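Two complexes are shown next, each including chain A; its partner changes from chain B in the first to chain C in the second.
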Partner chain A sequence: MSLLSIKNLSVTFSTDEAQINAVRGISLDIQAGEILAIVGESGAGKSQVFHALMGLLPANGQAQGEIEFNGLSILNRPPNVLNKIRGKDIGMIFQDPMTALNPYMRIGRQLTEVLEIHQQMIRKVATKIAIEILKKVHIKQAEERFNSYPHELSGGMRQRVVIAMALLCQPQLIIADEPTTALDVTVQTEIIRLLKEIHEIQKTSIVLITHDLPLVAGLCDRIVVMYAGRIVEMGTVDDIFYRAKHPYTQALLMASPRTLKTTSTEKNQKKGRLSAIDGQPPDPLDLPKGCAFHPRCSFVRSGEYVNKQCLNEIPELKQYNSGQQIACFKEHKNG
Partner chain B sequence: MAKKALLSVENISVVFNKNGKGKNKQVNALNDVSFTLNQNEVLGIVGESGCGKSTLARTILQLQPASSGTVKWKDQNINSFSKTQQKELRKKIQLIFQDPLDALNPRMTVAQIIAEPLRNLMPDLSSETIQKKVQASLFSMGLQVDQQNRYPHEFSGGQCQRIGIARAMMLKPELLVCDEPVSALDVSIQAQIINLLMDLKEQTGMSMIFISHDLSIVRHVCDRVLVLYKGKVVEVAEAETLYTNPQHAYTKTLLNAVPLSDPELERMRIAGS
Partner chain C sequence: MTANTKTITTSTTSTATSKGQAPWQKAWKRLSHNKAAMFSLFLLLLIIVICVFAPAISPWALDDVDWDNIGTSPDFSSQHYFGTDANGRDLFVRTLQGGRISLMVGLLATAVSFIIGILYGAIAGYTGGKTDALMMRFVDILYALPFMFFVILLTVYFGRSIWLIFIAIGAVEWLTMARIVRGQSLSLKQRAFVEAARVTGASHFTIIKRHIIPNTLGPVIVYATLTVPQVILFESFLSFLGLGVQEPMTSWGVLIAEGAAQMESAPWMLLFPASFLAVTLFCLNFIGDGLRDALDPKDR
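Moving on to the complex of A and B:
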């Protein structure tokens, strides 16, 4: 049985103007001990999947479908049920470590609070454990830092504190939502190494939500690529990086300046040109008909592959023999 | 042909809280920084947050007075410029910012935002001329002319950055200072904006200072790269040389920090100390 199983999840937001479909039918299984990356642009719905799971949707947000964690249905459950899981079995790491921490509380208290609530520890024991965890996430002089306020720490240190907080109750699953985006490049690598280390020691499952593909290349087992609220491709890290099939995944890889391009065409290219994805990310209020990516798809734009299906029908995610799953009519026809 | 220096920065230091009163200590944001920028050149400035990248940009733009040292524009010391000369200089140096939405006045329409530099610095122009220029500029930035009466919040991040660039390009600057122009944008949009900037550079022959913490983008864009560490220049080199043969230990650390787009190499990079 998988640790977390998401079945046909949809998330909609009702606004004055219209209904926004942020997530449009997603099914996903996460195994125990697995590191999974969810990759997509802003607005792809990648964060909303996990906000729905944690019961963190705003008042105008609605989730439909089914989510099971350890066999227990957790979607749309009341806070008293979720509170027993949140922070205990599922830890969460947010993008901006400054807003994730309470600026008025010393970090030590913020850490011990978690243990007192979830594990009914007395303050003294909780303090000891919290300092141990701070050492584990490589915070130097943990005893002194324990009494610091968040603003006294650097961005990288704050993120370590947030990670420490997520680890306190030894959760089975950690959800890290863009954990390195607000940090410097050198610190990003340290945080990725830390997550890897935690995974190796505690065998925790990790879901890493990011828009930066290369960032997850060395850390994850599987990658899920999302576009406009749907999964467009899913496969092992090697599948995605070496054998990406969906035009969006391919374009995303090519657009990254980090991609090592050593082909001869590169030399002929004008200096400084990157292969951009044309057009804008889709407007969730006015999603394109058919495959949401078709207005930006290089095959459709160049006329190389035009199929009425692309413009009118939504492609289903189909599994191939290799285990890779792709939602693209062009691939369905070839495969 | 000898390269002509457009801008030269000589021994600039910037000290914050100079007297060191109270709890706050004196901060040496920039320490004896010198470099020259040649015409039609793209100079990259890289370093971590807090290393003085943005302070350097602000000093060049005269938004932040230097504690010591001089900034020269075409061999003239800009500290000794008269008010009129300074105003002339403002036409020639323009800036684009990191947060595209933050950089635009939320109460002005796109047309007003783009026209503002013209109204301020070229008051002789007629409204019709301005209107025409605004429309031409929108078109060349890949925006639609019928969007000109909308407000900034109605646009996506990438579009806002295009508006910011349109505003900066309005006066045909000779130097464009880009302070982290793409770090707030999605990967697919980053490439569009970089390509747009490179096209503009090619068309106008302007010089650029490109500030970033992302070395992989700097490599694509810049001719020369300057590495800042704690307010000091630790290395200046041609972009390719810097990437293939970094000299300073800090440059090597920075280069090692860039994630690689190949799972096998990246796993090795993370595993390595």
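Moving on to the complex of A and C:
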């Protein structure tokens, strides 16, 4: 049995003007001890999947489908049910460490609070454990930092504190929502290394939501590529980096600086340029008919591959022999 | 890197490296550089101390009538430092006693409105949706009630008493406070640390107590310091109209009303209580102003 199983999840936001379908029916299994990366542009719905899971959707957001954690259905459950799982079995790391900590509380207190809620620990014991965790995320002088306020720490240190907070109750699953986006490049690698270390020591499953493919390449086991609220391709790291089939994944790889040599076209390689993905991310209020990617798809645009299906039908996610899953009519046909 | 941060902290603050410096301490540091605010704070404390202790050094009591000196100007030989009123009562004692009442009303009514306003606003803002709409419409309705009408109604039903003033003023003042806090918590609940608290499984009560309220305190404290003078003026106004404290108790408002009536024949009767009130109000406004600068998040 998988640790977390998402079945046919959709998330819609109702605004005054229209319904926005942020997530349009995705199914996903996360195994125990696995690191899964979810990649996609802004607005692809990658964060919303996990906001729905954690019960963090705003009042106008609605989730449908099914999410099971350890066999327990957790989607749309009331807060008192969720509170037994959130923070204890599922930890969450936030994007911006500048805002994820309460500026008026010492970081130590913010950490011990979690332990007091979930494990009814007395303050003394909680303090000891919190300091240990701070050491585990490589915060120097942890005892001193325990009494610091967030504004006294650097961005990287704050993110370590946020990670420490997610780790406190030794969760089975950690959801990291773009944990490195707000940090500079050198700190990014440190944080990724830290996540890997945590994974190796505690065998925690990690879901990494990101738009930085190369950064996570060395970290994760599987990669899920999302576009306009659907999964377009899913496979192992090698599948995605060396055998990417979906034109969106290919374009995404070409747009990343570190993969120039392996995937970029010759013309671009000579110039040493990155190729951007043509067109604009789709407007969620007005998604293109058929495959949501078709207006930007290089095959469709160049006329190399034109199929009426692309324009009229939504491609299903199909599994191929290797286990790689692709949602593209061109691939389905070549099969 | 740690060594680096440490040198930076030690260069800016020499004291609080290991314990960590609270945002409050920072604000206090900034406030202490504001000369007007610090002087006002000193003066205000002085006035409070004088009002509390000085009446004891005068031989006269609040309602002692000195038949030999009725309506006399300030005179040290008879120990009427501020003179006497038309009934021969010592103005020095009466002004300071009145100060006690005025300051007590100001501080207590503000504190009451502060507590009610914060709780009400934080709950409304954090809960949001229909509850919020309902709670804030109730505030709107109370806002719409004419204040004087409300107070007169209360006095008619319950008779005049100092507690009534607290209730009347508190009932009006918390409305603005609630609105401020609600606005703050509406934006705070969107912040990532509140979300973080939710995903760590904190209850709504814990979130309001630990995360919402402490973060609203900055603007609220500023507003509170500006409310105190407003409340003192309110009380003076009520007393001036005869709805406030009862004789022989007095307050700055009452004394000013009496003094105003005798302004031409006995100007000292107006001068002393009026200047005490004016200085106090100035001080509170300067402190509020200084606090606003000190707590301004943009300067952090």
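As a convention for this text, the second predicted complex is superposed on the first by the 322 of 335 C-alpha atoms of A that agree within 3 Å, B and C clash if a C-alpha of one lies under 4 Å from a C-alpha of the other, contacts with A are read in each partner's own complex, and residues count from 1 in each chain.
What we mean here is this: contacts are C-beta pairs under 8 Å (C-beta built on N, C-alpha and C of every residue); 3 or more make two chains touch, one makes a residue touch a chain.
Just so you know, these numbers come straight off a predicted model, no measurement behind them.
Using the contact criterion defined above for the overlaid structures, shared-chain residue A:Ile117 touches chain C, although it does not reach chain B.
In the superposition on chain A, A:Asp212 makes contact with chain B only, not with chain C.
Overlap of the chain B and chain C contact sets on chain A: empty, with no shared residue. For chain B in complex with chain A, the touching residues are 42, 48-49, 156-159, 186-192, 194-195, 198, 201-202, 213-217, 219-221, 253-254, 256-263, 266-271. Remark: chain A residues 54-56, 59, 79, 82-88, 90-92, 94-96, 99-106, 113-114, 117-118, 140-141, 144, 147-149, 151-152, 154, 162, 165 touch chain C in the complex. Residue ranges on chain A touching chain B, taken from their complex, read 41-42, 155, 184-189, 192-193, 196, 211-215, 217-219, 237-238, 241-242, 251-253, 255-260, 270-278, 280-281.
Taken together, the chain C residues at the contact with chain A in this complex read 1-2, 5, 9, 17-23, 128-129, 191-193, 195-204, 206, 210-211, 214-215, 217, 300.
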